[in-house]
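Single-structure report; data block below.
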Amino acid sequence: QTVKVGLLMIGNPLVVGVEKGFFKEYGVDVEPVYFRSGAEQIPALSTGTVDVILSSATASLFNAIASGVDMKIVADYISLVPGTAPHGLLVREELMASGKVKTVADLKGRSIGVTAVGVYTHQAAVRILKSAGLTEKDVRLVNMPYPDMVAALANGAIDAANMTEPFVTQAREMGVARLLLNHTEAFPNLQLGVTIYGPRLATRDRDLGERFMRGLVKSMQYMRGVLTDPARTVEVAAIMQKSLPVKDPKMYERMSWQLTTDGQKVNLPSLQEQLDFYAAQKLIPKMPNLAAVTDTSFLERAHAR
Amino acid sequence: MTSPTAAPKVSIRDVCRTFSVNRQVFHALADINLEIRAGEFLCLVGPSGCGKSTLLRMLGGLDQPSSGTVSVRVEDSRRPTSAIVFQQESVFPWLTVERNATYAVRMLGLWNGAESQRRVDYFLERCGLSKFRDFYPHQLSGGMKQRLSIVRAFSAHPELLLMDEPFAALDEQNKLLLQQEVERLWEDNKISVLFITHSLDEAILLGDRVAVMSAAPGRIKETIDIPFERPRNLLTLKSTPEFGQLYGRLWDLLGEEVMAARKDR
Amino acid sequence: MTSPTAAPKVSIRDVCRTFSVNRQVFHALADINLEIRAGEFLCLVGPSGCGKSTLLRMLGGLDQPSSGTVSVRVEDSRRPTSAIVFQQESVFPWLTVERNATYAVRMLGLWNGAESQRRVDYFLERCGLSKFRDFYPHQLSGGMKQRLSIVRAFSAHPELLLMDEPFAALDEQNKLLLQQEVERLWEDNKISVLFITHSLDEAILLGDRVAVMSAAPGRIKETIDIPFERPRNLLTLKSTPEFGQLYGRLWDLLGEEVMAARKDR
Amino acid sequence: MKYQSWISPVIVLVVWQAVASLGLVETRFFPAPSAIFAKFAEMVMTEQFWLDLRVSVVRLMVGFVIGAVPGAAVGLLMGLSSLAERMISPLISMLYPLPKIALLPLIMLIFGLSEASKYAIVAIGVFFIMAINTYGGVQNINKIYFDVAKNLKIPGWKVYLTVALPGALPGIFTGLRLATGVALILLVSAEFVGATEGLGFRIWWSWTVFWVEQMYVGLVIIALLGFTFASLVGLCERTFLPWRRGGGN
Amino acid sequence: MKYQSWISPVIVLVVWQAVASLGLVETRFFPAPSAIFAKFAEMVMTEQFWLDLRVSVVRLMVGFVIGAVPGAAVGLLMGLSSLAERMISPLISMLYPLPKIALLPLIMLIFGLSEASKYAIVAIGVFFIMAINTYGGVQNINKIYFDVAKNLKIPGWKVYLTVALPGALPGIFTGLRLATGVALILLVSAEFVGATEGLGFRIWWSWTVFWVEQMYVGLVIIALLGFTFASLVGLCERTFLPWRRGGGN
């Protein structure tokens, strides 16, 4: 059986699982489909164009839940695991080298790149600013896709940016920017990405949903191995290079991975916290009931056997 | 040779035509009353700009009078009611000479193979275009384009032939040939013809009657019967005193108009 | 009135012009040799499609011979060397009558206020267009557009006037007026004129010489001097036996050509 | 007669409303027109809305003019000089199909994220459309008009202005019609990167946070702007081309 | 003479190479042509490259035809019938400027992520361009040709095919020139969403992993395709419009 999975970014545990044959073991063929944003994933899930989305916890997700789109949050997908640094606030090399920016507070009056409104990078920016006693009004938040941020940092169009891997590593290695703040330290265990089932896996074919979950859990656990096992990093990097070859394959080894928390269970409090944050930003006109759309049974049964 | 029957082919009653130019009303035609009898060959002469083409376009269904009525009696609904030989270039630039010539017949579903081909070939030959079948209009001379539009109209086999200075761009000899041709076509097929020309010779040579228009706003100033027997021959006609008289009369009528028009200016 | 000087205004030597039509070579002009003397009024007649317009375009700098040379002697580099009255519609649709009339003068930087205006007004008046200054070409009749292009060329004040059937769409009276006008212009300004026409009357009335072309591929078949004194009057001329003879001679020359052209077909 | 131009949009709205009301379509993704208009009514009361509109319209106009004028000028040049045509047209056919995303880093390099970068994106898109359509317009001019000018030996630049330009106006107006649309499309893309206000930004923003109705309000405004600009172009065409009212060429 | 069409691209390349070699521009973001061509040479040896190219060209062609034919047909209709014009043209001027992103949910709803969705996006863009340019083309036809047909009382659909269509061909060809470019642009956007192969996918993807040279190779291919299609359109124009070789109309 084929399951179409809507993906956002590279460095996905899922891709590793597919390559390692973890899904095949449970009789599931996975077809990855890439999207540009979470907002595009939701209609695709709702119309059955894809069966699963591995999406981020954004205002759009919360609003879609509130509007009653038929979907279930079934598991964790990516969390900010302390000790890794897949996300961070980067500042232009020149500003750091000259000492013009030493702390977050020095960003006052400068521009910070974020991917969009109501998404993780936006949230992180506001929270980081707040921790330094600044507000959104003290800086200029500029929207742009991740790859453009690298170019924008290089040519001085922006001063700082909240970025993710592999762009963090790339920007640093190109000497374009330096890491000012590691998000995993600022927001430990923040629930960043979630696994969401559409109606097919959530209700119509729950068995398939369960089998998919087993493959996914196995993939995520396998990925966590990079934390303790350096050889695993090399192997994962090789898989990544195969599915998404980059010019410098070693980069995969040097960059940090997007990982899950230990339990692979959705960190509902973290989601609720983010929801409250977005609500405070006036981005959530109607509050969704997160518990009602959370279904941990797939995960539990996957662990049970 | 005229065979006017009771019902007129065309009747034009109290027709006025105004145009609006720079927010002012311009009177092109005023109070036109005219009949073309069935089977009649009517020539129309008048100073340049007096409204001849405007009137002809109305008969061809391309323009409406501002007031008054124009009616053309239809006899055979399968044939085109009228076919115009336009004053300006009107052959389709995207069709070769041959396709242009057969256009009307093909489009009206009247094409019946060899017979139609023979007819078109005949007209092409008469108009001196046989050698140029595969030429496109931009490869023809001005006179050749004019002849081509004549072929197109002739081969359409209309009940009413509307010709707007059709021979203006032709040399004397070709003109003579085609004058004979249009006369023959008219006689053989008993069609009605409205023929606009600036040549009084031509009007007298071809017409059953000649209508003279006044300068703008155009009116029908007078209609003159041409008493000569057919077949007519221009050289013979010219030697008769009647021709001279007729010519003189038409000349004077027109002359007055041109002078009148100049006075206004 | 002819005042030929030593150096010819235009000399055409061994000119051929071929076109490629459907990958075949079509000979439009073959072996043309012709001179237009300075201050001469040369009329050109020939069967439709024989290459008259092609030749005229070469003199106007719009076409190149395939072989041979065409040279036009320039006297005053500030005036336009030549101005064409085209056979087809050529007035700018986006300019009013008045702007069209003054176009050449304005663009050549020859506009000098009142004097230029007076000239243009004069020609507009002569061509019967004074009342239509603010009309756009699409609001004019065919003959009016032709007259407008005559005004444009006249007011350009060229050294060589190239007219391609300029009066074809005009009524007899207007034609007469403009024939006088072009003769006056030519005499007063001592310009050279090439005048293409299908009317033998007109050629004899206006020309110092009449060149007769053969059917395609066009050749200069014969050049005939017109012996009449100026000012000429068509009615008086027509009553002379010389006129009849000349007319007959031209007619025959042309007739042979039309027949020859038909035989090929 | 003019009322007919409202019939078809109204029909579309009515059908859409019916389909939405009958639940034949996911109103979460395709809200009913009534819901959109309710949201619209709510939004027009906010200051933000008018600010967005003003900012976008200014960007649109400036970018449009910056792109359209040189575009038409280059198109005319290509139409007149076959040397220019042979030099420029390969560049145009190569650069025109490049997605604007590819130009973003370049534009950021040159203009940073200032207003100028938005103008630039709009202008680039408009430029190509105008150049190509104007070129087509010049080619469509009856050669006799160039013959008149050539025969009189009128200097090239005057021919450019008095023959090629007016003669190409029909093509230029078709170009303007297309270009207004492209300008709107590009504005929405341009306002995604580095903008903090404007209609495009608002549409993206609404879509990112899944405020579907607000996004549709943005799209409706774009549609209305498109209609307005097309009508303006039509009006200009009727005003500046009096000689075309009679039709023909 | 034809060689001149290579001069200007070569000049651009030489200048770019010089600027890059002199370090006047960040080669990390704007690699030198030599680097791009080295990468190009390397890529053409891979199977992937040809697969991407084939997939994209097929999508392009199919989408193009699906959009262009109805677009031209609608444009002709609008040009011929003022009723059709009044009904359709407001819809066109409203829908055309909508960013294609707005249509994505609709297209996904109808076509899923199949090839059909890519065809649809390309086709929609092409449709509007062709409709507007064909309409302009019909309006540009000398009215005398319609008069000929009307006088002979030739049925409407024959006039459509034998007068409006050939008469509008110059406008249609300008439209095709614009539409090939738009088709390429849209293909690149379409191939990012839910695609796993194709040139557009490869470009996006190269940019995402910051494989700048490979992205530029993709862009160069797009440029070359644009040039090829424009040349093809030009060739068709010369072949199918023999009556225009003499120029004028």
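The chains carry the letters A, B, C, D and E, assigned in the order they are written, with residues numbered from 1 in each.
Here is the rule we go by: contacts are C-beta pairs under 8 Å (C-beta built on N, C-alpha and C of every residue); 3 or more make two chains touch, one makes a residue touch a chain.
In this text the structure is predicted, and so the values were computed from the model without any measurement.
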Other chains in touch with both chain C and chain D: none
Contact-graph distance - origin chain A, target chain D: 1
Required steps from chain A to chain E (each step between touching chains, minimum): 1
Farthest-lying chain, centroid of Cα atoms versus that of chain C: A
Magnitude of the superposing rotation for chain B and chain C (Cα, nearest 5°): 180
Approximate Å spacing (C-alpha centroids) for the pair chain C, chain E: 48
Intercentroid distance (Cα basis), chain C paired with chain A, Å: 83
Euclidean distance of C-alpha centroids - chain D vs chain E, Å: 17
Junction residues of chain B - those touching two or more other chains: 88-89, 139
Residues of chain D whose C-beta touches two or more other chains: 26, 29, 105, 109, 144, 207, 246-249
For chain A, residues contacting two or more additional chains: 43, 47, 151, 155
Each pair of chains that touches, named by its two labels: A-D, A-E, B-C, B-E, C-D, D-E
Of chain B, residues touching chain C in the complex: 19, 21-22, 26, 45-49, 51-53, 87-89, 125, 128, 130-131, 134-135, 139-144, 147, 164-165, 168-175, 177, 198-200, 251, 254-255, 257-258, 261-262, 264-265
Residue ranges of chain A in contact with chain D within the complex: 37-39, 42-43, 46-47, 58-61, 63-64, 67-69, 111, 116-119, 140-145, 148, 151-152, 155-158, 278, 283, 285
Residues of chain A defined as touching chain E within the complex: 4, 10, 32-36, 40, 43-44, 47-50, 146-147, 150-151, 154-155, 166-167, 170, 174, 244-247
Chain B partner contacts - residues on chain E that touch it in the complex: 144-145, 147-155, 158, 162-163, 166-167, 169, 241-249
Residues of chain E defined as touching chain A within the complex: 26, 28-29, 104-105, 108-109, 112-113, 192-196, 205, 207-211, 213-214
